[in-house]
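Several structures are given next for inspection.
In the two complexes below, subunit A is the common chain; its partner is subunit B in one and subunit C in the other.
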Partner chain A sequence: MSMLEVSSLMVFYENALAINNVDLRCQKGEITGVFGANSAGKSTLMYTISGIILDIEKKERMRGGERVTVLGSIYYEGADIIFMETSDRAKKGIILCPERRRIFPESSVLENLKIGGILATRAQAKKTLDYVFTMFSPLKGLKKREGGFLSGGEQQMLAIGRALMAQPKLLLLDEPLLGLSPMMEEILVRAIEDINETTGITILISEQYARPILPIIHHGYVLENGVSVLEGTSQELMDNPDVKSAYFGI
Partner chain B sequence: MDIVIYGTVNSIVFALIAVGFTLVYGVSRIPNFAHGSIYVLVGFLTWSFVNDLRMNYALAILLSLTIAAVVGFIMYRFILIRLRGMATSEIIASFAVSLVILEGLRMQGIGGFKGFIGPFYVLRPFIEGKMNIWGVFVDFQRLIIIGGGIAVVGLLWLFTHHTKMGLSLRAIAQDERAAMMLGVNSDRTAMISLSIGSALAGLAAVIILPLGSVTAEAGYKVLIYALAVSIIGGLGSWAGAVLASFVIGFAMKISTAMFGAVWESVVLVGTIILILLFKPSGLLGKQKELEERV
Partner chain C sequence: MLTGDRRKKRLDRSIKVRTEGLYAVSSWGEMVYLIAPRFVLIVGLFTLPLVLDMYWQRVLCSAGIYALLALGFDFLAEFVGLVCLGGAFFVGVGGYISGLLNAYYGWPPLLSIPVASVAGAVISTLILLPCLRLRGIYFAIVSFMFPLFAVYIIVALGVFGSTEGISALATFPNIWIEQYLILVAVILSLFGIRRLVSEDIGVIFQGIKDNDQAVKASGINITAYRTKAVFITALIGCFGGAYLSHLYGWLGLSLFAMDFSIMPIAAAVMGGMGSLVGPVLGAFILTPLSEALRGFGQLRVVLYSLILIGFIVYKPEGLMNYLQRKYHQFELWEKV
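Then we have the complex of A and B:
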């Protein structure tokens, strides 16, 4: 059974269509990838699955700004959650690790992780904290450093660690490789694979730079202008001539 | 010597008044203009409980603080929740609540309710008497203010750094949406912050008011002090609020000692203008400054 099932999802910003009739499934325990260029709708998709879109809609409505409309359905563990609030979705295990990381800048590394662990029990938090520090060992020496003073790679490690502290069942990673060096990319890709293998957390990952991610996903989708134009397993996507020319330059 | 002691007392009075306001603003970005009215409300309730209902002093204080927290909760749940993010409307609405409370407290004779008449609403000091510190006579209530102020700030620090609820308040204050993604409910946090902020305003009232008498006008004065301290300290910065309290507190006492009490309000306003001239975002208003630079 698929853990997450998005069906005929449409998201409008005013009259502009950001997500157009997208169907997407995440199988339990697998890594699912969503690829696409800038403005293909990846972040909007992530915001819609995590519920942030409802907050955007509310704030825009209050200040008389853009009208945001969401249509369709998102089934998570069998129930439609399309109108559920972000914090309630988080309690059910959908945790978004957002684009550009959004670390709490005035809190130390340890406090960022503690804030991540608000939903966890004490025992869970301790166990996850150990796991995070073993996987991302550079963070260990920076416990007291304020989040705002970390490098991009360190911030990304912290953001993933913080999301793990919230005990996700479905982890949404929005552009985790954005602006990182190839070396850091490799570390993170390996970490993401490790999270999936050792903890069994289902992962949905969006990335415009598909090359390092493609080999580790089980199933993937390609978005173009809000439309899902292609889907398949990791191998199918890598063998597809369009994907090859777009992402591998062959 | 008396400047040091009375300056410290004065500064801590400012800090006590401002800390609740800063907490609410820092967490929910709501400028709570009803802050001063809750201060007076708690003073009035405590006085009424003790004098009209013959209640135990400590019990009266606890009960009024609970009522203050409930008022804060109701104010958010039924009024401010509809206005989130519209600063002007938030100010108007909370100031309206403030007017209702303060002017309502002056009402007479509706359903047997007796509001403020005359200047005899005086809360008893916790402990009577004075003490000689390095040749200066200080009454115990002023010492309680110092102790209480330090305790409030200290406990608040512990609360916001070491409890889950406190951490969620700090998370929302720093990045609302990132906190939501981790399971923090924004509305509930704002509601809690308003309750705690109101209770803190009340706590300031019961500690400070025994020095003088309870009047409705004090509500407006307290609001202005709270605003002044938060603006000077940098809106939403808690450390800044404490620092600003000391700057204003000592500036006022020193000027009183040197030029006389008439200059007090001039010095207060003058300090605000001077600091804002040189540091428009306030003493410790870091975030704002970064935004300005970008």
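Then we have the complex of A and C:
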């Protein structure tokens, strides 16, 4: 059974259709990729799955701004969670590692990780902390450094580490490679693969720059203007001529 | 809004789409559509003095002062990004200058009010100038302090009538001049500021609010522009103060009362921040309301606070933003 099943999801921002009838599945223990250009609806999809869209909807409604409408259903472990609060989804194991990292700039690296670990038991937190520091060894020497003073790559490591501390069952990574150097990309891609292999966490990853991610995913979707235009395994996607020309320049 | 398989679609009326800022009117109906709200506001305000009795006419005058302050507060907060809690300071400075010119030099209100507005605005701006580099809450705190500051200086030095104040200033010849003077001032400032924020300078103000670093990087001196914005607000506020001292023929420490700083904020929240006309309407609703509740004694503050909390919690966009949206858009159910 798939862990997450999104079926006929539609999200409107006022009269603009951000996500149009998207169906998506994440199999347990696999890495699923969502690719698409900017404005394809990747971030909206992540917000909708993690529940942040409900906060956005409420905020806009209170201030009389644009109306956000969400239609369709999201099944997580068999239950429809489309109207569930973000915090409740986090307790059930859906953890979002947000776009642009959003780490706490005035807290130290260690504090950032501890904040992430509030849902975890003491033993789990200790184990995950060790795991994060072994996997992202540069963070080890920066424990006391304030989050805001880290480089982009270190911040991304910290953001993923913080998400891991919350003991996710389904980890949502929104544009984890945003603005990183090729070397840092490689480190992070390997880390993501490692998280999936050693801890068995199901990962849903959205990325505009698909080239480094495509080889590590098990299953992938391509979004275009809010519509899911293509889906397949890693190999199928890489062999597709459209994907080739769009992402590999062949 | 989350619903089953239907959603409410909101569309701007076609005239609104065509005429945002540029008036291309093609029929009498559209002309009426554009003019009606402004007409209702202006005519409504100008007929109020004719239908009210003596007591409420006085209330209307003080509501006008609060409307000016609320307008200034909204302009600074929503269009320049400075949260200014110093409304009482503007009223006090304007009122004292105008009153003193009248009491010591015998200037008539006709002369002392304009002079006090400009001089008061210059003085207030100069005093606030060192704080203009501050942002957000810091500017709010500092501007909130100044009225208190002024009160203690006047008391400590024993100048300007000290705690007693100065009475028997010249007043206006009759109640009609009193009312129409403030109403005209409100209408002029409202439409003036409305115009100002859509001019080039308004765009810069908006930029300073949204991202002051980007505006600096474009080679614009943001302190100079903030100074201009504060001067405009102070001008309106000082006029209100100068008018007030001649309205009652009295000047005293209560010109620096906290009411003048707090009430405009309440009016702005109720009327709808960022709509300019909202705070004005808010002031014309809240001031009479607080008069009407006078019978409840101390309970009046409780009722008053409840109304405010209600607005903040359930309708933070305020009255005017809501009404404007309803006026400019229509809704229909759409099947998806």
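As a working rule, the second predicted complex is superposed on the first by the 250 of 250 C-alpha atoms of A that agree within 3 Å, B and C clash if a C-alpha of one lies under 4 Å from a C-alpha of the other, contacts with A are read in each partner's own complex, and residues count from 1 in each chain.
We take it that a residue touches a chain if its C-beta (ideal position, glycine included) is under 8 Å from a C-beta of that chain, and two chains touch if they have at least 3 such contacts.
This one's a predicted model, so the numbers in the text were calculated from it and none came from an experiment.
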**Message:** Output check: A:Ile95 vs subunit B and subunit C. Expected answer is one of first, second, both, neither. What do you get?
**Reply:** first
**Prompt:** Once the shared chain is lined up, is A:Glu85 touching subunit B (first), subunit C (second), both, or neither of them?
**Reply:** first
**Message:** By residue count, which of the two partners contacts subunit A more extensively, subunit B or subunit C?
**Reply:** B
**Message:** By the touch definition at the top of the document, which applies to A:Leu71: first (subunit B), second (subunit C), both, or neither?
**Reply:** second
**Prompt:** Which partner does A:Pro176 contact after superposing on A: first (subunit B), second (subunit C), both, neither?
**Reply:** neither
**Request:** With the two complexes superposed on chain A, say which partner A:Glu106 touches: subunit B (first), subunit C (second), both, or neither.
**Result:** first
**Asked** After superposition on the shared chain, which partner residues are touched by A:Gly220: those of subunit B (first), subunit C (second), both, or neither?
**Response** neither
**Message:** Looking at A:Met62, would you say it contacts subunit B, subunit C, both, or neither? Reply first, second, both or neither.
**Reply:** both
**Item:** Partner chain(s) touched by A:Gly161 [first = subunit B, second = subunit C, both, neither]
**Value:** neither
**Asked** If you stack the two complexes on chain A, which partner ends up touching A:Ile52: first (subunit B), second (subunit C), both, or neither?
**Response** first
**Message:** Per the definitions at the top, what is the overlap between the subunit A residues touching subunit B and those touching subunit C?
**Reply:** 62-63
**Fill in**
subunit A partner, complex, touching residues on subunit C are 1-5, 7-11, 316-317, 321-322, 325, 336
**Asked** Taking the complex as given, what residues does subunit A use to touch subunit B?
**Response** 50-52, 55, 59, 62-63, 85-88, 90-91, 95-98, 102-107, 111, 114-116, 118-119, 162-163, 165-166
**Contacting residues of subunit B [partner subunit A, same complex]** = 83-86, 161, 164, 167-168, 170-171, 174-175, 177-186, 286
**Message:** Per the contact definition, I'd like the list of subunit A residues that touch subunit C in the complex.
**Reply:** 10, 12, 14-15, 57, 61-64, 67-71, 83
